[in-house]
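Everything on this sheet refers to the single structure shown next.
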């Protein structure tokens, strides 16, 4: 008996069917859809009209460098570009070597490069050349990465680890290095400041968080109570109070001779202390997930406590909570917006100072939208990239 | 039967007691194992057999009595504990392989980091051990990719890599599917024939019959009966022993 | 030999390690303490809590308890604390509603509604709160029409750039006697709850949906009876009305309060929406199917099977979001609402008593956190599924 193949009834497939099913299935859905559409139209039409005709985007164009790097000396900007180029190189190499795991971030890098180049063109700024160079580097090293042998993996990983301290060195400079004259942190501002705080804060808060998590599970009561006390104290108070407290108290706590650390350093310390408590809770979850048998097997083999923790427990614990750790990294980026409250010049504060310029009075909506888009864009980019990386690593799923 | 060194008692347990909070789990264990002996410990669950052998390498701490391993008494002295742990190897019911390392790395880890053996040397030894347990081709796979029987054999190789004088087995085949039990028991029988001192907690009476020198029946925290496999199987003295044997030998 | 054996004892080593740790901590603490006292002495700042009773001499924009600049610093800080608590309480209430609606909207079968909710969540969650607060304050509330051209909403609600004016109810002399009826109404709610439990226990039948109306109808009845038998109405309307340059009467919500409330409610609401959505989705489909195949209606399945299980998953992260709202209220400093943090800052500026005020402030926030954690732990231990 042959199988009978029939076409589904006319009204259940096709675009009309989709509309019926998803938008107009019941009477209240019809009502909701109409209301929602009306609301969207009422809000979007004036907004789009404003954005495309009345808005004075010149305020962004004229102050673009200010928004991006604050007061960073203009003749030293090559160091910022060098950091970006190095990032392109690393992204391209990683994409070529690890393919799927790094593809998310690489695509973001490409997208960002193109987008910024486009914005540069639109705003009549010469930076579009630099951005296209960055994109070209990405592609070039992607091609290189694809043909490199497996040994390159460890070298590239090492390169990533070295990248962050290197960037800090590049941006901050040091007295004893010829081309890298020190740039005091009070000149850092804008997106550069936000990113530097995020990087340094993330890099240093995770080790401290790991120590706290281990301390929280320690058999020694004194260590355990200290860790619990610290973690609960920090998690119970708002971030601004920690920043405020560190800003005010660090000068008081230092001995007479020592110079007061700059405001940016103090803010970074505040972030490190704050984030560490939250990362500690993340790591603790991972530590709890490692079965007891792992400890016992290591003990039976004669591995000492520290060796067991370093070689056996931590690799498994950290792997289990990579999504949570990345989430904390990303939320730190958002939190850096608060440094304006302790006087630092991140994007919002710069926006306020730009608005005070007589030329650009009344452009608060443009400035605000710009800051909003930067934060939102970077956030989405980081989230997308880390999600892709987690998927490729098969992490976060048992 | 392999050579038994009659003069050397390598494990001595004298009046060993242990409590878990208020639960008295070991009620005065007296036991002696000579070098080269294969001892099988059996008994109902909760009888303290696993707890006892875990006391021997200090995974559990006994509160009363003495445990002496190869002349060293097991106390809170950290040097003794480390010395004893390096002479005693253990194989667990749940294998407890390290999932983030390859099979080869699992075996190489302890010699490299604890005995400070060079990487090439430990790799060579590891490959030899893998051949000995019959799965050299799995060297670069991860534990998750192996079957249960293969994982347990890797666990045995990992313990052997430290060149222990005593091997403890805590129900090594209880977590295995039936068709894989034989391959692990074969490796253990081979090991017994090389003269390794083994303390095995198991229900596998076939293994006991094949290579055990002596058997100890544990029940409710005490050694109820002990003897050679012949004596235990043909002529159990105590009622409890008879009851337990009838339960496990019937199916 | 004895000493070296002693030093190799595990117990001894553990104790020694702890002693060492404590010593290091004490050394660090001592070092910092010495620095602090020298630095404070150099700057001529006093140490101690004496300043608390000194007059504050600064004005506070809004307060729920009486405050004059001649009141003490302690009073000023208290005002800040009350402001924070009121804002947080109101915020928690409103954000729960917003979050639940948004969460359910996310799961709607209407494609447009669910996408809009997803957009709301995606945008709000991924931008810093401070930007959103500034948007609400500078971009919306301050852009409201001036008092003369106030935007009027039905029910005597006026939106202006000086604030939002709402109708208020003022107590009259008979309010005290009416208050008794309020207590009776509250007691009646408890009684209804008890009797429901009793009936359920005795008859083992679930309470029919219409019976829940009793919670609303009975108290309202009691209040209404109390209302009408009074010689004079216990409450009178106090409507805002434009007189001259300003509004008189009614309840005024400052622009700062309004913007902060809006911003916090919408921000936290986005997170709650995700929590609610995850909670509902966490209840496996099999539960719904089993319920339906047993003959329960969709509504009953929702109420008796899905909702209780979803609640278990939702409550813990929900309470931590409530806590986040209370902590985020400290961003009030960015738009000028006088909350605990901003007042603390002012007090520190004026008195130089940095450490003392910081300690007071941290303790206050900590108490709020610990209180919330305590409530959640109690709830959690009572609601834990009995498992093997």
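As written, the chain order gives the labels A, B and C, with residue 1 at the start of each chain.
As a working rule, a residue touches a chain if its C-beta (ideal position, glycine included) is under 8 Å from a C-beta of that chain, and two chains touch if they have at least 3 such contacts.
Please read these numbers as outputs of a predicted model, since none were measured by experiment.
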If every chain is a node and each touching pair gets an edge, what shape is that graph: line, ring, star, complete or other?
complete
Looking at A-C and A-B, which one has the bigger number of contacting C-beta pairs?
A-C
So how far apart, in whole Å, are subunit B and subunit C when each is placed at the average of its C-alpha atoms?
58
Mind checking the centre-to-centre distance between subunit A and subunit C? Centres are C-alpha means, answer in whole Å.
29
Nearest whole angstrom, what separates the Cα centre of subunit A from the Cα centre of subunit B?
50
Which residues does subunit C have that touch at least 2 chains other than itself?
none
Listed in rising order, subunit A residues that touch subunit C in their complex are 22-23, 25, 29, 32-33, 36-37, 40, 219-223, 226, 232-233, 235-241, 244-245, 248-249, 251-256, 334-335, 337-338, 340-341, 348, 364-365, 368, 371-372, 375-376, 379-380, 383
Within the complex, subunit B is touched by subunit C residues 5, 8-13
In their shared complex, subunit A is touched by residues of subunit C numbered 14, 17-18, 21-22, 25, 32, 35-36, 38-40, 42, 108-113, 116, 123, 126-131, 134-135, 138-139, 327-331, 333-334, 341, 345, 348, 354-355, 358, 361-362, 365-366, 368-370
Mind listing the subunit A positions that touch subunit B in their complex?
291, 293-294, 296-297, 299-304, 307, 311-312, 315-316, 319
So in the complex, which bits of subunit B are touching subunit C?
75-81
